[in-house]
Structures are given as C-alpha cells and as structure tokens.
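Below you will find the structure I want to go over with you.
Lettered A, B, C, D and E in written order, each chain numbered from 1.
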Amino acid sequence: MIEVNKLSVKIQDKTLLSGIDFHVDDGNYWVVVGPNGSGKSTLLKTLMGILPIHSGQISLNQRHINQYKQRERAQLMSYVPQNSGRELPFSVEEFLKMSRYSYHSPLSEWSNQDQQAIEEALTITDTQSFRTRLMKTLSGGECQRVMIAAALSQQTPLILLDEPTSYLDPHHQVEIHQLINQLNKTHQMTVIEVSHDINHAAHPDKQVLALRDGQVLWQGNGPDLLDKQRLKQLYQQDFTFVVHPTNQRLFALAETP
Amino acid sequence: MTSSHKLILITLLSFIIAFSAPWIGLSDIANEIVKQQILLDIRLPRVMFAFVAGAGLSLCGMVFQAMFHNPLATPFTLGVASGASFGAACMVFAGLNVTLLGFDIITIGAFIGALVAITFVFFISQLQRGFSSETLLLTGVATSFFFSSLILFIQYLSDMTDSFMIMRWLMGGLSSASYHSLLQLIPIVTISTAIILWLSRELNLLMAGDDIALSRGVSVKQVRYLLFFSTSLCVGGIVALCGPIGFIGMMVPHICRLLIGTDHRWLTPATIMFGGGFLILCDGIARLLIAPAEIPVGIITTLLGGPFFLWLLIKRRQG
Amino acid sequence: NVQKPLSTTKSYQRIITLSPSLTETVFALGLGARVVAVTDYCDYPPQAQALPSVGSYTNTSLEAITRLQPDLVIMLNGQQQRQQQLQQLGIKTLVLDNSTIADIKETIKTIANLTGKQKQATKLLNNIQDQIDYVRSKVHDIAPVRTLVGIAHYVNSDQLDTVYIAGQHDFYNELLELAGGVNVYTDTTVKVPSVSAEGIIRMNPDAIIDVFPEQKDHQSDMKQVIKQWQTLRSVNAVKQQRIYIIEHDYASIPGPRIFKLLPEMAQLLHPNLDWQKND
Amino acid sequence: MTSSHKLILITLLSFIIAFSAPWIGLSDIANEIVKQQILLDIRLPRVMFAFVAGAGLSLCGMVFQAMFHNPLATPFTLGVASGASFGAACMVFAGLNVTLLGFDIITIGAFIGALVAITFVFFISQLQRGFSSETLLLTGVATSFFFSSLILFIQYLSDMTDSFMIMRWLMGGLSSASYHSLLQLIPIVTISTAIILWLSRELNLLMAGDDIALSRGVSVKQVRYLLFFSTSLCVGGIVALCGPIGFIGMMVPHICRLLIGTDHRWLTPATIMFGGGFLILCDGIARLLIAPAEIPVGIITTLLGGPFFLWLLIKRRQG
Amino acid sequence: MIEVNKLSVKIQDKTLLSGIDFHVDDGNYWVVVGPNGSGKSTLLKTLMGILPIHSGQISLNQRHINQYKQRERAQLMSYVPQNSGRELPFSVEEFLKMSRYSYHSPLSEWSNQDQQAIEEALTITDTQSFRTRLMKTLSGGECQRVMIAAALSQQTPLILLDEPTSYLDPHHQVEIHQLINQLNKTHQMTVIEVSHDINHAAHPDKQVLALRDGQVLWQGNGPDLLDKQRLKQLYQQDFTFVVHPTNQRLFALAETP
C-alpha cells in the first residue's frame, strides 16, 4: 500500500528525517517506536501531506503521493494527531461530521451512510454521551477519544495514529487497542501507530519501525523488538522480561535503578 | 430552536424588510407619476443595492474572521478597502470626468486601487515563503495603513471641495445606487458569494487548524488563495461603488455567530440574509428619519447594531 | 447618456440650487421666486431660508429632489455623482465652478443666459467691476503688504494650533492681491496649506488677516484669537499690531457678496490712504 | 547581537534623533531672537511632547496586543480613543470657551469621553461574568464603533467649519504641543509607563495563558484590571491632547518585536524608546519637508513605518 | 499540608467534583487515579486556584487557601498541566525563567540561585539541549519534559503533576518518575500526581486517591489499590496480576478479552 524510499524531511535546514525506507502492505499493522524527538510524528505528518517531502519519495498504491489530490488522500488515510483538539469551537457531533468532508461535494446531501459512519464511531469510542458537548469542555481523555472517533468516521483503508492512547484510562486504552486490532483484522484496515508502549508493539500480528535520530534503527516483526540489546540501543534503557500470565508471551518491564 | 428554524426566521425578517422598505413614507405624494418614479427608479434599485452590498460585506467579514482565527478581522483588514479608497481619491484629485464602459471614473479608480492592494499583499506574502495567516494579516494591515496615509496625503494636497468629496466618499453610503450600479455590483458579489458558499465546509475545517483540515482532505493552500481573491474582489467591488461601510463587515458576522453558532453551513446563509436585510433597514431609517435630509448610513448601522450586539453578548454570557 | 445642451429659450421655472453660493447668485439675479428648494446651509437671502431643503451640501437626497419635480438643478462641480443620477431620472442639471473670481463671474453669466436675466447680470457684474476698479485705483502704485490670510483654525485655546491659510489657488489670494497685498505663502503644491507657529514665524508676515465666516452659534471671542496670535512675539505683524479679524457670514461663500471683502481688506492693509470717497 | 545590545542601539538612535531634531533647518534664520524663540518655545516642547506621546501610544499598543493575544489590537481597540474623540467633538460642537484648571475645554472633553468609554466597557464586561479576553475585545470594538458613529453624527449636525475642525482633530497631530500641554501629559504617561514597566514579567506570563500565569503566581484578574485601566488612562490622556495617531500604537510594537523578540523585559523599554524616537523623527519630517507648511504627522509615520515593517517581516521570513 | 473538606466544584451548574475529603501530609506522595472525566484535572486546577471552589474548603498549612495571595501559593506549589505548552512563543530558557516569577519583585536582580534552579531543572529533565529552541518547535515528549522542568524550577515544597509522563518514551518515563521519587524522598517534596498507570500508583511509598464521577471512590495506601474488585469498580476493567521479577511486588496487567 505505502512505499517509502529514501525519504528525508527538513524544516528550515534542520533534518528531521533522513533515508527512511520501509513499506507497508495492505492490512499491515505497523507500530512506530523510538525515543522522544526521533521523528515519529514527523513521519506521520509527511505521509498525511502536512509536511513536504524534501527528498526521496512516498508512493501510495504505486502512485507518487504528490499526484494525489488532498481529497483523494483523505479518502485513503485518516490521521489522529498527537496532542490537539482541545481548543476547537465545535460540538463533538459537528466535528465528526466534518470528517466526512472528502465524500461530499458542496451540493450533496448528508446520507444515511454518513450518519451511520458517525454513529458507529461514537459508539465504539464510547463518546455518544458527549455528542452535543463543545470540544473545549472535554477532559483530556474524552477529547482524545473524540479525535479517534473523528478519524474513524473518515472510513479509510489506512489510519495513522499518533500516540492514540495517551490520556486514556486503562479501560479505554484496552478498548481502543481492541478496536484497532479488530478493524485491522476483520476489515483489513492498514494501521500505522506511533506508540511508546513496547509491549503493545511486540504483538505477533504487528510490525515495528524503530526510529532514532530521524533514521530507521531497526524494522521487523513485533515480537523481535523484545530484545534487551535492541531496546537498550533504541532507548538507552534496560528492560527485564516476564511471561504474561494469560497469553504466555514475553512482557518487558523497564528496569529502575 | 434549531439552526434551520433560526435561519428561516432571519430570512423571513430580511425579506419582510426588503419588501416593505420601498413603500414607506410614500403616502403623502399625490402625483402618481412622481410616486412611480420614486418607487421604481430610486427606491427599488437602492433597496436591492443595499441588500447586495450588505450581504457581500458581511460575508467577506465572516470569511476573514474564520480564515484568520481573529475576531478583529474585517473585510478591510487586508488593505483592499484602503486600496480602493486610494484609487477613488486619486480620481477625485485628478478631477477627470470620464465614463469608461459605463463605469464612472471614480468607480474605476477604486476598483483598480483594490486590485493593486490585493496584488501587493499577495506578492509580499509570497516573498515570505508560504502564506501563514499571521504574517498575511500583518502585511495586510501595514498595506492598509500605507494606502490610508496616501489618501490623507492626497486630501492634504487638494482644496477644500475635493477634500470634502473625498471625506464624503470615505464615509460610504448608498446614495449612488441605481440600476446601473446595481448591474455592475451583482455579478461580482454573486460570483464571490457562490464561491464562498461553495467553500462553507472548507471554512469550518480551516477553523479547526491547517493540520486537521489537510487530513480531512482540504487543499488548504488553494482554498485559502481562492477565498483571499474572491473576498478581496468582492470587497473591492462594493467599496468601489459605495465606499467603505465599516460596521457591517466586522460586526454582522459576530452578531450572526451569537444568533446561530459557528457552523458555516448555517452561518454563511444567515450572514448573507442578516447583512442584506440589516443594511436595507438602516438605509431606510437613514433616508426617512430626518427626511428630506439623509443621515449617513454608517451612523445608523452602528447606533442600531452596536447595542444589539452588546445585548446579545451579555445575554449569552448570563444565560 | 449625455444630457442635451440646456435650452436658452425655455425659461426654467422650478429651480433647485445645491450650494449656498449658487443660491445667493440665483437670488441676486432676481430669480428668487422660481427657486423651489435649496440646501441646509443656504441661509442668504432670508427668503431662501424659508424654502424646503433637499439635504446638506455633500448629502443631497435624490428622492427629495425628485419629489419637487424641478426643471433645473444647479450644482457645483464637486457634486458630479448626483448629476449623473439626476440625468438618469430625466432631470436637467447645470454644473458650475466657483473657485476663482473669473469662475464666479462666469457663473453669473451662465445662469443669466439660461433664465433670460441678462440685464440683471450685466448690472451685477458692473457693480462688481466698479468695486474692483475703485480699490485697484487706490492701491495700484503702493508697495503690496506681505500678508498671511488665515481661513480656519481652532480658537478656544490659549495656544495657536494648526492654522489653515490661503494658498495660491483660491479666491482669497486673488482678493488679497487686488487689495494691495501679497500672499506670504508662495508655494503652489498645496492648495490649502496648514502651518503651525514655526512656519508662521519663518514666513514672518507684515500683516495677518484672519477670516471667520460666521459667528452665529459660537461664543468664541475675538480677544482670545488676538491673544493666540500674540504668542508669536517675533512676527512683524504682531510687533506692529497688524492682526485683523474679518467676520462675515459671506466670508466663505464664493457668491456675489464675496467682493465686499475687497474694500475691507484694502482698508485694513492700507489704513493711511483716503478711503472716504463713496463709490 | 544580544537583546541588551539591541536595546542600547535603539536607545542611542532615539536619543540622537531627540537631540538633533530641534536644531535642523535653523541655519537660514538670521535673527537670533527668532531662532531662540523657535528653538526654546516651539521646538523643544514639541520634541519632548512627541517623545512622550509616541512612547505612550506604542507602549499601550504593546500591552493590548500581549493582553489579548491579538496582533490586531491597538490602543484604540477598546474604544478609549473614540470615546476621547467623541468628547472632543462634543466640545467643538458646543463651542464653549472655558479653561478649567489650566486645561482647555477640548482636552477636558476628550478626557471625560475617554473615562466614559473605559467605564462603559468595564461595566459591560462585568455584566458578562468575568473578564475573558475575547468578549472584552468585542465589547471594546462595539463601543469604539458606537462612539465613532456618534462623532459622525455630530459632524453631520455641525456646520462646515466645525466639521472641518473635527476632521482635523481626528487626524491627530503635535502642533498644539507646548510646555503647558507637556506638563499635563507627562504625569499621566509616566505613571502608566511605570505601572506597565512594573508589570513586564506579568505581561510575559499572560501571553503564556491564564492557567500557566496563575500557577506561576500572577494574580491574573488584578493584573488585567490594572493594565486595562492604566493603558486606557494613558491613551485617553494622549488622545485628549494630540488626537488619535493610529499607526504608532499598532505597528511600533510589531516592529520592535521583529527587532528584539517577544520577551517583555526587553520589548517594553525598546518599544518606549523606538516609539518616542520614531514620532520625533516623523514629526520633524512633517514640519520640515515642505516648510513653512506642515504635513499631518500621521502621513509620515505610515509612509516611513509601513515599508520598514514590511521589510523586517520579509527579511525575517527569508533569513 | 493540605486539607480538603467537602469540596465541590461546578462549572455553569454542572458539578465536576462533589464532597471531596482528603488530606495530604508533608512529604506525602499522592497519586490520583480514575477513569477519564472523573475530575482528576479539575481537582488539581482547584488546588492551584485556576478553578474556584463552589463549596467546602481547602486549607494549606492550616490556612484557608483563598487567604493566600496567588504569589504565595506559587511559592508553595507548582503545577504541570495536562496537555499544554505547544503553542508558546517563548524559548525554553525564557519559559523556565518565567517560573521564578514569584521569587522576584520587578526590581530584583536575577540571582545565582535563580540560574541554578533553572540549570538543575534543565539537567534533570534532560532538556539542556533545547535551551534556546522555541517551545513550539519541540516534539510532544520534549515539550512535556520542558513543562516539568518549568514546574521544578519553581522549587516549591508541593508539586502538582497532571499525567506528567504522557508522551514520554520508556526511558524518560522511568527517569522522570525516578526524579520525582527522589525529590519526594530526599527533599521531602510533597507530590500529587494524576496518573493512569496503576502499577506506578501501587507503590508502597505512595498513597492513592481514586476518583469516579467527581467523587472519592476510595483512598488508601498504594499497594492496596491492586485489588481486582476495587479496580473493576473503578475502571470497569479486569486485571490480572503477576509478580514483578526484580522487586517482587504485584504487577497488574489489564486483561484483554
């Protein structure tokens, strides 16, 4: 689905990403990990067309990404930004409706399908009760869930999520991840998620892109991330491993000195 | 009341005003021919002109406020109006009395002035790499100041009569309305309005910020260019024909926001209707209050609209 | 649609004049009975005040004009936009200029020709010419006095603020030269220059004539004005106490009465001449 | 260059302008007494007046922009200037000729007008529960419009000469400067400046948002009241004495921000120095360019400051 | 140090907190847990004086909190808000300097002690390298660390932290928690932290305040939080427990269905 070749991204002579090579197949679930400032958000923004490509190229379904109109892109991928949405002057429902932008011309009617997309998103993110609330009156975690709901309303085959579970309580963390897994599995939705949770990344169904200083340090299957050496190199942090009691997989715990 | 009900109410009120305005204060005229002439040749075009101008100015104000996330933005913020005024002042000063293609020379001067200002602001904003809203805003303001002081300069150079004429022009007003000027105004305002209505949903998304707008599929840069040029042309056209009428463009969108909310799919038509109806109302009062003399319409718009706005503001806060 | 030339045979019966100077001229030609409306500021002659008004100079009402069904509307050339609209409504218009002495005379002739009042015009113009000739005969071989003509400034303060003075382009300048003076302001770029204390001290006029158009509803007293001027101690006119104030309601209206300023100015500038002879 | 170096440079330039301005264009006057009079009685008070007024207006603009997080805010945004202008216009219209406590009646009228506007805005903002910056801003703008149209109305009611006077007053200018008016201005501006300088750090914190300001120890509400009243009084005083001079208050703070950054501990003194020096410079040019006549100073401030601002803006973006 | 009695907080007739009773002793480390929208941020904001008390009272060192000037409060407590700081037009160093506000009068000089406070905060949050960067150019995690550094520069005996480790990579999470522990232990700093990490909250040295729907559901010692029943009631979520390999304490893992 996505092919990234020798991508580099700059902002005013500062290189944020360089020589990024990876490709995402239809239905993949990629988790992007890496320390703070390694360029994870930058990568997602570049895929979404928010930051310009400096050199290299990105192709989406075999076509160079710059050949897509922004509207076409928005029908293929949706995006949950890191840390945003708390100052918006809209009600939750209005905001969700805005996600259906790319499916409409100015004259087209609001369809059942549109409404259904929104209702579904509200239900699965547990945000129905905020429907008429103004975005700026929501709590941090409530707002985060609405941002996810907005992206889901866009009903795209690919979704880009930048730390979607930050601010979520344990229950909603599990729920949202469950939800994404399910979308990935049953609807073949391709997912690229930025996360700091390596145990989440280390799932056998996931693939991992580990960035450090704007470059790819490693990429591979999820479970292979749980390597003491690799993690040390990535985060400068030691981990110990336990076996998870229910699924029997390894579970990494950061060591505290 | 839902937004659609409110919109219907505003539209209805606006139409009532529009349809009754021409008939008021005609009963004392005995002569039927005079009555006809006043009704058909003077009042009708004037009412229509007021509607178009009021709707256009309010709409452009609304667009600028949304586009720049700034409640103080007006259709005049980016320097279009002062460019137009400068063009008009030049023509008054040069003292030419020519008519070109049916436009009188002041109107032509004003429109050229508006175009110069738009091009200038656009060019400067390009020099700054990108089209960020804050620098565009500041560039516009500086341009606006610049042209305003050129006007002052011309006013300073001219004799009392010219200086009065320029001042008069700067006050704005609808007394130059005629079928002729109406025909000149309608296409400009209609096209701009159509473009803006067409872009209502994009305006909502621009208010949510560039990142979100892009990820929902809006071609932010193109939309911004399109809005910039169409509103600027619209303002240029209106100002060229009836001078700057300040309050409408700044406050009507705020009033409508307080009435109907921030969703542009409702706000845009409401602003058009309210702006048009409001200017007809004010112009009617301006004409009739101390008839036969006329009060400049800008005085009425503010004296009526200002307190209404404050009342809405207080009510919302307390409610 | 350009208006056909106005007829000189048809005698216009319903005239509206849109500025005080035109109203005055029309009445001076004996056309008072044919005037159906004027503007707010037309208060001379007193008969004019009784007529209906169609608005102010800058803001005449199209509707009010139409209601009165005039057959001729006379206006100054600053009001062109109105002209076009009136023409579109089929109302005849006449646009005139009153900015110089020659213009004022021409206005009298033009109106007279259109209304069959040539005889009255000749009399009025001769009268004006007599006044001019009389003053000229008195002052023609005397050195002109370097004079500053103030036409507007704020009087209700102790300090002399910005003063607007006569430049080289207006009728005050012409009157001044006829009256045996010369304008101390010689530049030609600015038509109504504004000066402050520093500029006046630099120009150092030998006489100052301060023109006030009317004093009806103002209680500003002229002693205050003199006091303001006296703050400029080093100016010749102040030292020699040659500060003159002219107050007339006609002093700013470029109609026939403006020529009354001429002998007054001449007497102020040349008090030593013999002005007893009556004209 | 560090901020402190830049500040020293700006201060130096400002002083050079201040100290050389009175001496320029005097050589052609032969008479020593006249020279003395021009220098001591006219130019010296005028230069000092220009400094105080320029510094005061720029400073108030800076405060409003920081306080409202809005680059379009000016010292006139909250209606103080139009209140003052309205007061002045009333006095011109009434034609009174009184001097009270050494102030002439126009100044008194203007100052009372300013106070009325301030009180009104404050009162309305209280009605809305709290003192949020956006509603305060909009209240101020509506108030400003309201008074402006009252001015138009008075202008409309008055005769040509009065209307000319009011128009002239609205252009603003320094020709009424004297030791007398200087003595009236200095205490107001000094006190307000002292208060604002005293609150430089609070201004920085207000820019970071109310939550952060509170958690760092700023009594946000009190500080905002204090700033509101002191800037308003300062603007009221300046406008009362020399009319509204628009460009300075809006653009000088932006120019200084481009020159020295957003930290108010540097920005505040830089704005004072630049604003003062700049107005002296412009007033000098206005006086001398076509001497003996004078150009309104507002024309020069804009024609000089506008391009300079745009140049800075482009340079920063490209650099 | 802090005594909260029957506190309730309202915004426009909506009750955000009601009947909150708890007290914090000098040197305590309290962790506030609870599902999204339970009022955790509201509590911190009320303590900080950002939201007004509707009824009940808060006393700080035996004095009613409204009797303190804001400046005095700021010398006693500092605050790291949830989700903020990304749009500030300041450089990191300027922003940190602003934290020293309450110690200065307009005329006082910038002292060695001030500079030292800042340098220390920069060092321990690993943000020295951003010193001259503008806040708005930082990545999410970098910005979060600067916000923590700013609060630390304030050098107060009490610190309020609203989800301080969101956006942080595992290494910095450990580091920041380490740091707070240390300040709490060796400097007797009182800490009130909002967190969604129950294992972090369940530490024996910590006390837990569990909020639900604006009310206190439970409060007690950290380890007692790890009770299946209690957690279920709090979050509507099941957990299993493993024994941590290095410290031998219980470790809760959210169960995924």
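The rule is simple: contacts are C-beta pairs under 8 Å (C-beta built on N, C-alpha and C of every residue); 3 or more make two chains touch, one makes a residue touch a chain.
This structure is a prediction, so every number in the text was calculated from the model and none was measured.
Undergrad: When you check each chain against chain B and chain C, which touch both of them?
TA: D
Undergrad: If you tally contacting C-beta pairs, which comes out ahead, C-D or D-E? Let me know.
TA: C-D
Undergrad: Averaged over CA atoms, how far is the centre of chain B from the centre of chain D? Could you give it in whole Å?
TA: Taking the average C-alpha coordinate of chain B and of chain D, the gap between them is 29 Å.
Undergrad: Between chain D and chain E, what is the gap in Å from one C-alpha centre to the other?
TA: Computed value for the inter-centroid distance: 44 Å.
Undergrad: Could you work out how far the Cα centre of chain A sits from that of chain C, in whole Å?
TA: Chain centroid spacing, chain A to chain C, equals 79 Å.
Undergrad: Would you mind pulling out the distance in Å between where the CA atoms of chain C average out and where those of chain D do?
TA: Those two chain centres are 38 Å apart.
Undergrad: Would you mind listing the residues of chain C that make contact with two or more other chains?
TA: 56-57, 59, 189-190, 194
Undergrad: Touching at least two other chains at once: which residues of chain A meet that condition?
TA: If we look for residues of chain A contacting two or more partner chains, we find none.
Undergrad: At least two partner chains per residue is the criterion; list those residues in chain B.
TA: Chain B, residues with two or more chain partners: 156, 160, 167, 296.
Undergrad: Which chains touch, pair by pair?
TA: All chain pairs meeting the touch criterion are A-B, A-E, B-C, B-D, C-D, D-E.
Undergrad: Mind pulling up the chain E residues that touch chain D in the complex?
TA: 45, 48-50, 69-75, 78-79, 81, 84-85, 88-90, 94-95, 98-99, 101-102, 104, 106, 151, 154
Undergrad: Under the touch definition given earlier, write down the residues of chain D that touch chain E in their complex.
TA: 197-202, 204-205, 207-212, 214-220, 262-263
Undergrad: Give every residue of chain D touching chain B within the complex, in rising order.
TA: Residue positions touching the partner: 70-73, 77, 124, 127-130, 134-135, 137-139, 141-143, 145-146, 148-150, 152-153, 156, 164, 167, 171, 246-247, 250-251, 254, 295-296, 298-299, 301-303, 305-307, 309-310, 313-314, 317-318.
Undergrad: Using the touch rule from the top, collect the residues of chain A that touch chain E in their complex.
TA: Interface residues on chain A, with respect to chain E: 11, 34-37, 41, 82-83, 86, 137-142, 145, 163, 166-174, 177-178, 196, 198, 235-237, 239-246, 251, 253-257.
Undergrad: Which of the residues in chain B end up touching chain C in this complex?
TA: 29, 31, 34, 37-38, 41-43, 97, 104, 106, 156-165, 167-168, 173, 175-176, 178, 180, 287, 291-294, 296
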